[in-house]
Amino acid sequence: MTRDGTLGVAVIGTGRMGSDHVRRIDEVISDARVAAVVDIDGERAKAAARRVDGCAAYTDAAAAMADDGVDAVLIASPGPAHEAALLEAFARDLPVLCEKPLTPDAASALRVVRAEARLGHRRAQVGFMRRYDARFRQLKAVLDAGVLGRPLMLHCVHRNVATGPGFTSTMTISDSVVHEIDATRWLLGQEIIAVTVLRPTPSAVAPEGLSDPQLVLFETAGGAVVDVEIFVNCGFGYQVRCEAVGEHGTARAGDDDGLYVNAAGRWGGEIPQDYVVRFADAYDREVQAWVDATRRGEVTGPSAWDGYAAAAVCEAGVCAQATGERTTVTLAPRPALYGG
Amino acid sequence: MTRDGTLGVAVIGTGRMGSDHVRRIDEVISDARVAAVVDIDGERAKAAARRVDGCAAYTDAAAAMADDGVDAVLIASPGPAHEAALLEAFARDLPVLCEKPLTPDAASALRVVRAEARLGHRRAQVGFMRRYDARFRQLKAVLDAGVLGRPLMLHCVHRNVATGPGFTSTMTISDSVVHEIDATRWLLGQEIIAVTVLRPTPSAVAPEGLSDPQLVLFETAGGAVVDVEIFVNCGFGYQVRCEAVGEHGTARAGDDDGLYVNAAGRWGGEIPQDYVVRFADAYDREVQAWVDATRRGEVTGPSAWDGYAAAAVCEAGVCAQATGERTTVTLAPRPALYGG
Amino acid sequence: MTRDGTLGVAVIGTGRMGSDHVRRIDEVISDARVAAVVDIDGERAKAAARRVDGCAAYTDAAAAMADDGVDAVLIASPGPAHEAALLEAFARDLPVLCEKPLTPDAASALRVVRAEARLGHRRAQVGFMRRYDARFRQLKAVLDAGVLGRPLMLHCVHRNVATGPGFTSTMTISDSVVHEIDATRWLLGQEIIAVTVLRPTPSAVAPEGLSDPQLVLFETAGGAVVDVEIFVNCGFGYQVRCEAVGEHGTARAGDDDGLYVNAAGRWGGEIPQDYVVRFADAYDREVQAWVDATRRGEVTGPSAWDGYAAAAVCEAGVCAQATGERTTVTLAPRPALYGG
Amino acid sequence: MTRDGTLGVAVIGTGRMGSDHVRRIDEVISDARVAAVVDIDGERAKAAARRVDGCAAYTDAAAAMADDGVDAVLIASPGPAHEAALLEAFARDLPVLCEKPLTPDAASALRVVRAEARLGHRRAQVGFMRRYDARFRQLKAVLDAGVLGRPLMLHCVHRNVATGPGFTSTMTISDSVVHEIDATRWLLGQEIIAVTVLRPTPSAVAPEGLSDPQLVLFETAGGAVVDVEIFVNCGFGYQVRCEAVGEHGTARAGDDDGLYVNAAGRWGGEIPQDYVVRFADAYDREVQAWVDATRRGEVTGPSAWDGYAAAAVCEAGVCAQATGERTTVTLAPRPALYGG
């Protein structure tokens, strides 16, 4: 909390997500500034740094973390680089906001969990931004208030307009459904114990070889059942929906917000084409909440354990997808640091 | 109630509305049959009669009413022909369902009212079909149940795709807003005492010389205020909407029923293009209710008085439209037959 | 088609459904009359007959079918009595509308199918009334028109307020989900080839021993996947919803029709409490369509084969429910009469 | 733009609105800090100042504006104090965000306009926060893009749960409808030239003597017609709605956002009870936009002219309310500074 009381953040990675976070911290977020940017491509790092007053450019994450002006770290580099950056931040006892996934697999995620547990206090928050979406927060509040009674089911829908080149069936789980995995764990407060995947004949619009759409099923430790339609080439828009079914009623987040238009024989409205539009406010709230908590010396968001548990469910999901069988999820014991 | 217990109906007029009623009675309505059709064009009458088993063709309404098989009369001829047909039916004490308007002006409507009052019992029902629409009936039920407290305002919208040739600004009142006039009187159970019309610069899409859209305002005897958007060349669909504002809440009929579709970047659904589609069920219910009541020897629907009152408000509306001034409505004393 | 051209119907069974059909044919349906009612309880039969002009009372279905005034048969007796009544009607070559289920199990349903196949022409229609619901028909039309491309998934919800005494987990499949089984086969035009059932920890509101809610999954011959939430003690209302997901978009029938009300801090509307309210129009249309087709000498609705196929899927569903395993459906060869 | 590059703001008035802005600038807004607070009640000023690091307390607005740390002024004191504070800020050439109303009447507002015109450049922004609401901005964008063609009508609804003590019929115009006045001018880009007010028999729930609800009508220079339901004791929630009717379609902002809940026989959702909830984001965006523009040396929001024009329409509205007559609006010539 140096210089004028604002939080100096090192942003690691200046790709799409990293650049967006640089802009966000610079323009939107209160009480924080971009103190440093890191990219293995030095020119890209310098270009990003130039856009922000008093921002330093680095090609090495550890060097950036050693910068005097850096009070906290935001990791937005590719997944395989996360583990090293997290461990470095732990070594320096710096607070970290790490974009999802925590790491690319459960084994490495567990190493991060254990490193933080050895540290003895939480330092890492994982970027599951749905927890900061206004609608999802209302849904969580309704569930927690017990208005609907005990939750029995969740019906989830996750649709993207289209996938880019190189997107695989495995990534539908680890890149897309991972959000529903976290949302399920968060909304219900229960671990996922089994995953099943049903694969309809793929849409002719999906790239050759991609299983799309799919129906993914979770069973939770508390006996709830969750179904997820994941459809990453739906063509018509970006849509995220979640209906919780409880003993006394249901509540649904998602769908049809926005301006209501009558024109050309149709009533209705526009569907956003993109998660950046749909979740713009959620990203803003997420980073602001992290900055605020960090300045108070607290860590409040999704934990490294949440990142590890999501990774473990993803691995079971990928296995379930390949075999067509119900696949159980095995989690390591939960360290006391995370309420184990 | 001759022949096999079904009601023999003479349908007068075989234009769009008359033909539709012939089809309806023949195919949809229970316990009624088309006994006779009347058209001043004899060939058209014969053509219509040929489509129905045992149906006679006439060019003269009185002759049709004298037919042995005729138990009741449905008037769907042009407005100027209504008065004579109604008086003939009264002379024969035959039940009548008369398409709106009862007659083209208040003076002739009042003659009909007085003729029926002299008869001493109700014989005529006017075809204000909104009273038979499921949504409007729900709205009426909510108002009558007092759920919203005393009604204070109605916000009405009445939109047509486009007008045919010869449609005039006067007709926007007498042909279109007449439905809101009746709906207001029926929903609130109050007479309309004043009308004001505001005329925005017309839409470029409206035919030259037609004032379209307009905002029509009613004040009622009970102190309620009603606004009506009438827009007969809205281009995008046929829409009828009514929101009642009461002391404790509001209720709205209309809008966005039907299938909910996500496609091509939009959520929403289809708007019907036509009152025949939107009010198909209402017409069916109206005629069935008339047949059922008639067979029980009752008259239950909108009365000749309702037809007269609507005509009187229309005349005030046309005057208000021409002058731009608030125009009061003067009604003749209400005969005892109609609860006066 | 005796007496005055109307169809004389013998209604077999005068319980809740049978009485409702007697009222419907008597009051709502055009061109049909209740010629006879049958109930093994003679007093009940007489009481039902007394309410309709010229209606005879019987305790024996075969005797009623022999009545001169009877042109067609509507079976609304308990399921175990259906087979005998159907075979009797076939023997007399009488058209039949048989309430669902066709018969209580696949073996008996297959006997009915084979009997009708031997007859050489269709005589039986099964009472899957959703095919006559305006919303489901719109959904079918959109799918058939190819607007959404090939259908990939259906998301279905089927909720009842509460179950009566004696309702079992098996009945959630055979009495409730049977509607989604028929809707799936009809909407997609494909047979169901496998069923899986997931059972969350039951709602505390459900009767002891009843698995409620459940998630039922179908796989179809064309590679589509269908999920059904069946929740027969949801407490808050009767709700039926179906969203079809196609290659180019989705379309949803169900949900939130009706009057829109603002009151007491909430926007929204009322949920019907009962299928009789929700599907009143569908029952009317179903029976009218059957009467109309029958008078034309045709059979157009869901066939005995549809009844058999639904029974076979139900049996697989009950097995899947008991074992927790994916269970395949085996159908007998489809007779040529049904397009086999 | 002293101290660490953030904008030092003096907040004048520490009542409900002022305190909320102090919290907002302190916690939410990026690149600004509360440098000083002013309240004629010195204890209240000190209490407010204590909650913010490095914030000075004043009882005199001019003294606060002379504070070295003050770069800009936010006026949230009662309306009668606005003129003096605005003129003082102009004298010091300080940027001002002035809560609505600019001043309590058109004459004083015109003095402010002329003072700023003499200054030769814009310094003041008026707090019409609807221009910063996401939905209203979408509506404006759709209108500006010409999607609906030329706008012909606006249908507006403005409902509050209940009024506090001392709220008068005049205030329904000057405190409540003033928002629709600004929204109309902004959305249509046209001046309002006439006002008419219709007053239904008041709701029994409204305080004795208060005309509530009312229907307020505007006519604009471009020939559009606007109706506004103002209902400040509607009892059920805070609701703001605006439907624009254009030549090719309509678009509606408002209504039924938020979580969709099925429970207890009803579908729907919660209505916010309060403008603070409904427009929380709009206030945040408004102040952030003001801070950002100010730091760039620009003034971008609603101008003093907008404040004056709204005041002039309010005066005509109050007159129309009293007389029941259509009342024309007369505006002074628009200074060149405001595009006159």
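Every chain is named by a letter (A, B, C and D) in the order it is written, and numbering of its residues begins at 1.
Assume contacts are C-beta pairs under 8 Å (C-beta built on N, C-alpha and C of every residue); 3 or more make two chains touch, one makes a residue touch a chain.
Predicted, not measured: the structure shown is a model, and the values here were computed from it.
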Checklist entry - Steps needed, at minimum, to get from chain B to chain D via touching chains? => result 1
Checklist entry - Which chain is most remote from chain B in terms of Cα centres? => result A
Checklist outcome for this item: The pair out of C-D and A-D sharing more C-beta contacts is A-D
Checklist entry - So what's the Cα centroid distance for chain A and chain D, whole Å? => result 37
Checklist entry - If you average the CA atoms of chain C and of chain D, how far apart do the two points sit, in angstrom? => result 58
Checklist entry - Which residue numbers or ranges of chain B touch two or more of the other chains? => result 236, 248-250, 255, 260-264
Next on the checklist: Help me check something: in the complex, which residues belonging to chain B touch chain C?
Outcome noted: 3-6, 27-30, 53, 135, 138-139, 142, 147-148, 248-253, 255, 257-264, 281, 288, 292
Checklist entry - Which residues of chain D touch chain B in their complex? => result 149-150, 152-153, 155, 157, 196, 198-201, 203-205, 213, 215, 217, 219, 222-225, 227, 229, 231, 234-236, 245, 247-250
Checklist entry - For the complex, which residues does chain A have touching chain B? => result 236-237, 239, 255-256, 260-271, 273
